[in-house]
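Across the two complexes that follow, subunit A remains constant while its partner is subunit B and subsequently subunit C.
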Partner chain A sequence: MMEGDLGLWAIPLAILGGAIRVSTPFLFVSLGELLTERSGRINLGLEGTLVFGAMSGYAVAYLTGSAWTGVLAAAAAGSVFGLVHGVLCSLPRVNDIAIGIALMLLGMGLAFYFGKPFIQPVAPDLPAIPLGWWAESPQVQASLRVNVLFLIGIVAAVALWWMFRATRVGLLIRVVGDSTDAARAMGLRPAVIRTLATAAGGAFAGVGGAYLSLFYPGSWNEGISSGQGLMAVALVIFARWNPIACFWAAILFGGAGALGPALQSVGVSEGYYLFYAAPYVLTLALLIATSSPTRAMTGAPGELSITK
Partner chain B sequence: MSSPTHTEGGALGVETLGMTMRFGAFTALDAVSIRFAPGRVHALLGENGAGKSTLVKCMMGFYHATSGQMLVDRREARIADPRDAHALGLGMVYQHFTLVPSLTAAENLVIARKDAPRVIDWRAENARLEAFMARMPFAVPLDQPVRALSAGEKQKLEILKQLYLGRRFLILDEPTSVLTPDEADEVLGHVRALCEAGTITVLMITHKFREVTAYADDVSVLRRGRLVGGGRVADLSHGEMARLMMGDARLAEPAPRAGETGAPVLEVESVRARDRSGLKEIAIDALTVRAGEIVGVAGISGNGQMELMEVLTGQRPQLAGEIRVKGAPYGATREEARVKCVRYLPEEPLHNACAPRMSVTENIGFRSFDLNGSGTRFWLSGAEMRRRAADLVAEFKVKAASLDAPIAALSGGNVQRAVLARELTGEVDLLVISNPCFGLDFTAVAEIRARIMAARNAGAAVLLMSEDLDEIIELADRVLVMSEGRIAYDRPAAETDRAEIGRHMGGHA
Partner chain C sequence: MTHSPLSRRAVLKGGAAVAGAAALAPLPQRAAASGGLTVGFIYVGPKDDFGYNQAHAEGAAAVKAMEGVTVVEEENVAETIDVQKSMESMINFDGATLLFPTSFGYFDPHILEVAPKYPELRFQHCGGLWQKDVHPENVGSYFGYIGMGQYLNGITAGHATQTKKIGFVAAKPIPQVLLNINSYLLGARAVDPSITCQVIFTGEWSLAVKEAEATNALADAGCDVVTCHVDGPKVVMETAASRGMFLNGYHADQSALGADTYLTGAEWNWAQVYTDMVEATMAGEAIPNFVRGGLAENFVKMSPLGPAVTDAARNQFDATKAEILKGGFAVIRGPLKDNRGNVIATEGQGFEETDVALESMDYLVEGVVGSTS
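== the complex of A and B ==
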């Protein structure tokens, strides 16, 4: 039997496979949040955007029969949410955190309302690449089925890193994120740049949602998100606003999220559910470990309201 | 792709004709006509509120003048917004840095360009920047984040940025307010050399007569929105300039020193604390301030003065050592400060000593609102707080529209006066002050210094941290210099001088 051959290796293997599967939404949402935060705003509404993206992606994929059209629809819906957040926050005396929470609830509410008819039907799945074709073990093959979106996420992380370093758009976003005064003195309009960055960030979160409903777990229901949109905020801070670090942080969180199911799959029958809490415990532990009451945070955009 | 221009055309002549700016019924600028000749350094003097910044903002297109004209290179110029001004070759270096702290110097320069390429080829840009730097009289490390540069380097980079952008008429708004004397001399020397070479024309707003005499060719003086005088710097003495600036107003005379130096009040022994970045440490081995003396701590900003202030006010945890006030250990709690009569005037008092959105009355009442005679009270007495605030506002000449207005609505000088009113009232045995006069005008500065001296004469021990060397020299009985988190120098004021202190500030001693 193959199962017997793997023995305890099954746990790290399941964690690796799980990390790749679970990390993709983390990666997209955190890249979106990173883009928004680098422009000097924080969007706490990405959880709502994620859920709405999951719903709209699933619905459009079902209606058109194409999973990729669904992903595009989710990105479009996400950018609309981002745009609303960005425009509202551009008004005087509007707080980005309060707007974010309001939009989170709105996004989830709208998703549940419009998503009711789509709980039963089955939409097409996103394709995955069987990177484990060489292995004989079905477990190894299952673990290494990597979704295309995961690879797109890696490309996006590298592209963002490059954008912040070597393109005009990237530098302009960093300028408005770091100093409104400097941006104004340069003749830029910070509110416009921030709004567009928030919209683009929303699109990333929407894609993250589409991954949830179209690949893993791969169906639409009201409990589809387990707080990835909110944990992405912590993840961005942990990654110190660096897109490449975001990728590794997403893998770490994904791995933690896969710990519970992995233990369950090898037959640990008691206490495994405690490990389902691993990502949340990890979030708390990381935030405590990387915080300091006296030190300013390195890498934080200067205009960010939470780190000011 | 067009590469940045920098000397095309050379210095630009600019002239304002009858420039007038009204805000409602208030005339901020009244028919001001000044000619800025090409290739010269023109100083603009005036107190706060005299209209200096209104004038340059009109010139740069931030404001639209109510009436008046501007000639650029002897042709009439319509400047609707700063972009028009930039297109004509006019540029401004602001009092507060407008560099982006987390970007490197090179990134700051390239992104400031209007024709910044969509995709930046860093190898080509760096080569071009190095070629540009080679033509400049001074250099700044290009690959460092601006955050890591010293104030002098930042100021140089601001000026380099304007030259890089091809500006030929430069407005410098108090360019040396954050620099050490040596840095100021270096920067202004380079600016002057650029003018003499015919590269740029400079309009420099300043408070400091020394800089006017040393570096400017011409001077214009504004008072209450009017041009009240000016001419060639060589023809004017400091006294004449001061008279033009002040008009009939009289400065508060510095109170003469009086009284004897008494027993030690503040003793700091081997105190260690982390600095703001968390990477370095500040270490004060021994610091004593006695009753009836002012100990001045000089130093370039960022050498640990702020951290020392924060340790003394209890804002920053101390890792080791002991602080004693009147011989007993001191932990900087509110209770201890009250019992030991310790008072603070931190820098940026609006942020460090006020609750900006609470009213003037409430802010003035911070030390006393819960006291009832010698005991404490549970229910506050609004009437008493108001009475007290009204008395202090009158006594310290705080100009506030209303006592119920948020204190953030007051101007900087008035916030300073309000905090001073709160801190200097009642018995004061130890006064810890940081940069009390930063950004204030002549009258306010003279008054605040007189009050500090009066507190000293009344027997208070005063620890004064200041980046303004003139202030230290005027007020201190003993001068200390902080450098890299340590006290590098300690002398009685009578036995030292500017140059000596300056050398220790720069760490070259």
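== the complex of A and C ==
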């Protein structure tokens, strides 16, 4: 079954496969964070939401026998976390960053506590679409096993981009995010819109978690996220608050993460710790290259506490 | 005016005595309630991870079942100052007098920091290299020769592989991991000397996504049998099973994760080791500072052979196991070079499993594709 040595072609193939496999959680969490930030708030708690989504999705999938029910449960759990963040931040003199960190720790703690009995059982996996059916090589076939959630993520990225650009809802979120005063003058209620945007963002992060536990790597354990939720929050800034750019950033991170194992598998094994740092070096390089001392960050919502 | 029988001084004295008694009372009471011995176990990850921590927790469960022993456990304790706090709280709040901090990284500097403060207590560490006159007398080190288990794993892998390439997902290049990798390949080479072993280091003990990526990379590189040395092998086993690879387990029995393609696995048998140590402590005997054991001493065991193991493989597996149980078997034996061409052992030279030199291994043998840095 494994015939055919690909030689150095294994590297780009592994990066492509890794980009498709690993990027989905980054994509969902960063889209969720983008939605929240465009409304003028930062939710740093998405790492906790991701982990709780992974746990609740896995648990519900195991208990009901349906992976898709698990995804819905993860989305629901995520939106509850988002709602809590949104409501708490609507109170006077509450800092959204502090609440986010508190919710991150709470989400992880709750997930570890309720997730104990689900580390051992094996839950059903989400189905994958074998887009590599045309290829002879099993490696290519394996790389192109694309999960439905990845495709949904792409659709969601395009839909969000269109929403912010061309719909009333998108415009409302942008107004609220850019100027509280302008929104009030228009008769909008910024707190309500922000809370709803945060809840929707939480649902995205929950689905990202469900992808981790139900597809890749496909099991629940306490180390499942290893900081992907936090990186995804940073990705939003990297992507300049543009949903399409979020997609490319997620692909980039996923592919760069596959570089280390892929290089070792073809025998380039010296200095693997350096290869593992590749995504972060890349981020730093791109941020430096695109930064400017003379103008503010383009695309940043005006009400965001980090850019004010 | 009559003199009161209770002078002010007598009242003060009495009060102090009562207060003193009240302060002292809880300690003996707690010791009595716990029946004498409280044992603390500390794990670096969740104790049901299908792996390293589960193996230790199964040992702790056996201790828990013993008469007159109280077990306190804490999981997910990082190899940082956190483990010092965990040890201190087990000692001061739970009254633990025998501690098993089980992760490799707990030893230096954390156990070495805490142990001298409590010379009357005992700290048993898994895997560390305790040295007389260098390390405290109340610290003990124990470990099993699980490399032999990986050698036996390798024999089943050598018979199962079609591509003559087997894979190893490793966490960090520490001596125990390197010995496992080398033993795995040498076991496979005992079947067919043309077999090579591809190793991928993930850099951490538990990184689910990276372990899955590493397993996929091994499958893409043409490896068709895989084993690992990470804390929780569940992700590696499930990913490998989904890629149609044969599996060799590690730490605990993972046959449930890939029923048809699970060949066998190298497992810890801590239940035996821990109950022995706790019995010795309760009997007032000293535990030696440096305890090691292998298949013969029941420190290590093998998973039952799976359905994919052929008769030829079974015969060689059984014969080699019998040889190992006799004692004196050397996996690392000459002529042998490392994968950079340096001579490890010359003709006739061998390192038996008990050889302490193996515990500072820093090379990968010829035939392993990979590097230690």
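The criterion applied here is as follows: the second predicted complex is superposed on the first by the 282 of 308 C-alpha atoms of A that agree within 3 Å, B and C clash if a C-alpha of one lies under 4 Å from a C-alpha of the other, contacts with A are read in each partner's own complex, and residues count from 1 in each chain.
The rule is simple: a contact is a pair of C-beta atoms (placed from the backbone, for glycine too) under 8 Å apart; a residue touches a chain by one contact, two chains touch by 3 or more.
Given the structure is predicted, the values throughout are model-derived calculations rather than measurements.
J.: Looking at the superposed three-chain arrangement on subunit A, would you call subunit B and subunit C a clash or a fit?
T.: fit
J.: A:110 in the overlay: touching subunit B, subunit C, both, or neither? Say first, second, both or neither.
T.: A:110 contacts neither subunit B nor subunit C.
J.: Angle at the Cα centre of subunit A spanned by the Cα centres of subunit C and subunit B: state it in steps of 10 degrees.
T.: About 130 degrees, rounded to the nearest 10.
J.: Tell me the contact category for A:258 with respect to subunit B and subunit C: first, second, both or neither.
T.: second
J.: Specify the partner with more touching residues on subunit A, choosing between subunit B and subunit C.
T.: C
J.: Is A:101 in contact with subunit B, with subunit C, with both, or with neither (first, second, both, neither)?
T.: A:101 contacts neither subunit B nor subunit C.
J.: For A:83, using the defined touch cut-off, is the partner it touches subunit B, subunit C, both, or neither? Pick first, second, both or neither.
T.: A:83 contacts neither subunit B nor subunit C.
J.: Based on the superposed arrangement, let me know which partner A:182 touches: subunit B (first), subunit C (second), both, or neither?
T.: In the superposition, A:182 contacts subunit B only.
J.: Taking the superposition on A as described, I'd like to know which of subunit B and subunit C A:139 touches: first, second, both or neither.
T.: After superposing on A, A:139 lies in contact with subunit C but is clear of subunit B.
J.: Once both complexes sit on top of each other, what is the least C-alpha distance from subunit B to subunit C, rounded to whole angstrom?
T.: Shortest inter-chain C-alpha distance (subunit B to subunit C): 38 Å.
J.: Check subunit A for residues that touch subunit B in one structure and subunit C in the other, and list them.
T.: Comparing the two interfaces on subunit A, one with subunit B and one with subunit C, no residues are shared.
J.: Would you mind writing out the residues of subunit C in touch with subunit A in their complex?
T.: 45-46, 48-50, 76, 162-163, 198-204, 206-214, 216-224, 232, 234-235, 238-239, 242-244, 256-257, 369-371, 373
J.: Name, in rising order, each residue of subunit A that touches subunit B in their complex.
T.: 165-169, 171-172, 174-175, 178-179, 181-182, 185-187, 292-296, 299, 301-302
J.: Can you name the residues of subunit B that touch subunit A in the complex?
T.: The touching residues are 81-83, 86, 94, 96-103, 107, 110-112, 116-122, 274, 276-278, 316-317.
J.: Under the definition above, what is the set of subunit A residues touching subunit C in their complex?
T.: Contacts found on subunit A: 1-6, 10, 13-14, 17-18, 21-22, 112, 116, 119-120, 122, 139, 142-143, 212, 216-219, 221-224, 226, 228, 257-258, 260-262, 264-267, 269-273, 276.
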